[in-house]
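Look at the two complexes coming up: subunit A is in both, with subunit B in one and subunit C in the other.
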Partner chain A sequence: MIDVKNVRKNFGGFAALKDVSLHVRQGELVAILGPSGSGKTTLLRILAGLEFPDAGSVLFDGGDATHVAARDRQVGFVFQHYALFRHMTVFDNIAFGLTVRDRASRPSKAEIAERVRHLLSMVLLEGLADRYPSQLSGGQRQRVALARALAIQPRVLLLDEPFGALDARVRKELRRWLRRLHDELRITGVFVTHDQEEALEVADRVVVMSQGQIEQVGTPTDIYDHPATPFVYQFLGNVNSLSCVIRDGVAQVGAFNLPAPIRAGTQDGSGVAFVRPHDLHLMAPSEGGGAAAVVRHVTVLGPLVRLELNIGGEILEAETTRQRHAELQLAPGQSVVVWPRQVRFFLDDGWQGSSRLDGAPNPALRAAL
Partner chain B sequence: MAVAAVAVAGSQRHRALSEPRWVRWLLTGLALATFGLFLLLPLLTVFGEALAKGVSSYWAALSDEDALAAVRLTLLVAGITVPLNVVFGVIAAWCVAKFDFAGKSVLISLIDLPFSVSPVISGLIYVLLFGLQGLLGPWLAALGIKIIFAVPGLVLATLFVTFPYVARELIPLMEEQGTEEEEAAVVLGASGWRVFWRVTLPNIKWGLLYGVLLCNARAMGEFGAVSVVSGHIRGQTTTMPLQVEILYNEYNFVAAFAIASVLAMLALVTLAVKSALEWRFSKEIAGMGH
Partner chain C sequence: MSAAKSSVIPGFGPTLGFTLFYLGLVVLIPLAALLLRAAGLGWGQFVDAAFSARVLAAYRLSFGGALLAAAANVGAGLLVAWVLVRYEFPGRKLVDALVDLPFALPTAVAGIALTAIYAPNGPLGRLLLQAGIKVAFTPLGVVVAMVFIGFPFVVRTVQPVLQDLEVEHEEAAVSLGANRLQVFGRVILPAILPALLTGFALAFARALGEYGSVIFIAGNMPGLSEIAPLLIVTKLEQYDYAGATAIAAVMLVAAFTLLLLINTLQKWRHARLHGG
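Then we have the complex of A and B:
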């Protein structure tokens, strides 16, 4: 269990963390998600004791650890670039945390060997004990780093962009493997990432950070379906951002005229509205109503087709299936009609909400709008 | 078919990356001629002159009482200065490479100072500082401590001249290696001392070894700074390079070159040891780059 209370950290004049508070439950795996410079790595290093906060406190299992030195915290830390001891074999790397203990608390040689063997089998690297780090692949190195961190039986496991330096396929494999491993060990874990897919797939809960502050904390579904701020909505997945004005029951979102969202308080207002590319429904001009658009660019990405559309001078991104692409025979220069199935509003007066617009209106309804 | 295609492509690329034959021969020939003229020929001359009057006079020159004293003194000076500079160099490099602090650039400039100051000047500074007419001279004389024209002066001058070798070798290496491994060790529960012995030192050992070899070669061969503070007292304050000069000025060429040949052999042994270690541990050294 980790508690972070009102932590602040400045580097020179730069505020890396501005009053951050966070609670991580026992046995939970939490992802800290944010762009570079959002303070996520600083927060992780403060948890590890590699940095110390200017103000605020850090508690492990209820006990104050704010000023406890890194070597006494009993945390496991996995670095983005592994930081394996390059002159030591895999065995010696994993055993390091045990062999540097004082004689009184150091396990016997046989116990250390046994524990290293166990960890090697857990990270699926049996038989590589005598290799040097330079003889391993990136994925293997990262698993050695993880075994080394787990060898000291840490109270919490901290991972700094653990898969950031790996290629896409290995990253995906390791991600699932880490999730399974965590389900077995139930160790309290925090990992930092800038990859939203990684955060949503691996973590029990996700903490979204931006500019030294926490934007939202929630389960992956919460974060994706009910983003608290425009930043979170934009950061999770591709999104089209449009200006929006609501007047007399009509929401003008970019080139779209939509029914205004139902909301309490003032009816009129303005702000931003977001539409996900896969929520843009594409039709032939004869099929239904919406905004007229011209296809600018078509990219086929496996089962999906990504399109750039020019709608009244504004460039929007849309995604559709291969099947729909074939039906409409989409090609650059072609005219289509576009209708947003779902729009998320963030209005200047603080109101936010989604409106679902299932099914495109028939041309008659469009005329009414 | 595919293999043939690859082979053709390979040979074409080979041609694209290499010069015409006559250019290659010319450049190789120039390099070898320079090496022969400026390195090999002088080295052979040293041994040739030393053995000009036969092996017996060569041995006689080497077993001379003053010559042996010069060898002993050189070994003593190197034996004191090299370990001290290893300690200073490692500490200085550690500070510069792993920490940020005010005055870091001043420290780096100070480390480089002996490279930019003429050795004669650095010797002279010690004379002005510790000599009888110097700043601290009367006070030292009153205490009965003799530095200039004695062994302590030789050690100080050599220490100053050879100071940058270890630190300069280590700073780029340690900067490139960063601090992540040390951080990993600390988080795993290692004390500062253990981190140094088990992580930092093993990572820099090859760089340290090169630094020590260079430092040792310079400590034994130093002439300028040592010449100023030595006083040239035969059998007492003459190191090997100074002994060579004295003998040469007395037209005792065989003896001068005999001692010079010993110095040259020390250099050759140093080179051989370095190459042998590089060859023996090439795999491990290659791994250090990661």
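Then we have the complex of A and C:
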């Protein structure tokens, strides 16, 4: 269990963390998600004792650990670039945390060998004990780093962009494996990532950070379905951001005229509205109403087709299926009609909400607008 | 030759040819001439010239002093390199530039300066004499001069390696529970050991061959504070070319053996590390 209370940290004049508070439950795997410079790594390093906060406190299992040195924290830390000791074999790397203990608490040689063997089998690297890090692949190195961190039986496992340096396929494999491993060990873990897919797939809960502050904490589904701020919405997946003005029951969102979202209080207002690329419905001009658009660019990505559309001078991104792509025979320069199926509003007065506009608008509504 | 085929930049043949030609011209031919000259002596004469009591004492001082000085420079050089790499302080660039001065200074100037400071009536020498330590005109003075001229080597070989050393490794060790001594001894030192060894070898070789700065402070008492290079010069001044080359040949072989040993040590370590 970790408690972070009102932690602040400045580097020179730069505020890396501004009043951050966070609770991590026992046995939970939490992802800290944010762009670079959001303070996520600083927060992780403060948890590890590699950095100390200017104000606020850090508690492990209820005990104050704010000023406890890294070597006394019993925290397992895994670095993005592994930080394996190059001059040591895999065995010696994993055993390092045990062999540096003082004589009184150091396990015997046989015990150390036994524990290293156990860890090696856990990270699926049996038989590689005598290799040097330079003889291993990236994925293997990261698993050695994980085994090394687990060897000291840490109270908390911290991982800094653990899969950041790996190629896409290995990354996917490794994060599923980490999830399974965590389900087995049930160790309290925090990992930092800038990859939203990774955070949503691996973590029990996700902490979204931006500019030294926590934007939202929640389960992956929570975060994705009910983003608390425009930042979270934009950060989770591709999105088109449009300015919007609501007046007299009509929401003008970019080039779209939509029925205003139903909400309490005053009806008029302005702010931003977001439309996910896959929520932009494409039609032939004869098929229905919406905003006229011109296709600028078509990219086929496996089963999906990504399009760049010019709608009234604004460039929007849309996604559609291969089938729809074939039906409409989409090509650069072609005119289409676009209708947003779902729009998320964040208004300046603080109101936010989604508006579902399934299907193409009926001609009557269109006439009314 | 397989290296030539897989190489990005072609020209294995000409470059190796040039390397051998150049090495031959600059290093091997003069040394061969030296050995040839020494070989001109009969065995008995050679032993007399190269292994008399006075010459043996000079070897002892030259090799012993150079080893001691190189060892001292490993410690001091590592510390200076560490400070220059790890800390930001005003005047760091200036200190960094100062390190190279022993390279640039004419060795005679260095010798005279050191002698002036460490002589019994010099500012430092007087204080040390009160403590019962005599530096100038003793073997200790020889070592001091050798430390001076060998100093930049260790700093300059270790500095870039320290610079590239990722702090992450130290942080990893600390978070695994290592104390400072363990971090240094088990993580940092192994990483910089090859550079330290190279620096040691260079400082040693430089100190061994040093002449100008040493002879001023040494006092050059036969059998006590006389270095081998001085003996060679002395013999040359007496037109005893064969005797001079005999001593030179012995020094050459000994120095070469020692440097080869250090290089082999490096190779062995490298192979062990990278699974060679």
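Basically, the second predicted complex is superposed on the first by the 368 of 369 C-alpha atoms of A that agree within 3 Å, B and C clash if a C-alpha of one lies under 4 Å from a C-alpha of the other, contacts with A are read in each partner's own complex, and residues count from 1 in each chain.
To be clear about the criterion, contacts are C-beta pairs under 8 Å (C-beta built on N, C-alpha and C of every residue); 3 or more make two chains touch, one makes a residue touch a chain.
Just so you know, these numbers come straight off a predicted model, no measurement behind them.
Taken together through their common subunit A, the two structures put subunit B and subunit C in a clash. Using the contact criterion defined above for the overlaid structures, shared-chain residue A:R71 touches subunit B and also reaches subunit C. By the touch criterion defined above, A:R131 lies against subunit C but remains apart from subunit B after alignment on the C-alpha atoms of chain A.
Of the two partner chains placed around the shared chain by superposition, subunit B and subunit C are both touched by A:F79.
Shared contact residues of subunit A with subunit B and subunit C: 48-50, 69-77, 79, 81, 83-87, 96-97, 100-101, 132, 134-135, 148-149, 151-152. Within the complex formed with subunit A, the subunit C residues making contact are 166, 168-169, 171-179, 182, 186-187, 190-191, 273-275.
Here subunit B touches subunit A in the complex through residues 180-181, 183-191, 194, 198-199, 202-203, 284, 286-288, 290, going by the rule given at the top.
Contact residues of subunit A toward subunit B in the complex are 48-50, 69-77, 79, 81, 83-88, 96-97, 100-101, 132-135, 148-149, 151-152. Those residues of subunit A lying in contact with subunit C across their complex are 48-50, 69-77, 79, 81, 83-87, 96-97, 100-101, 131-132, 134-135, 145, 148-149, 151-152.
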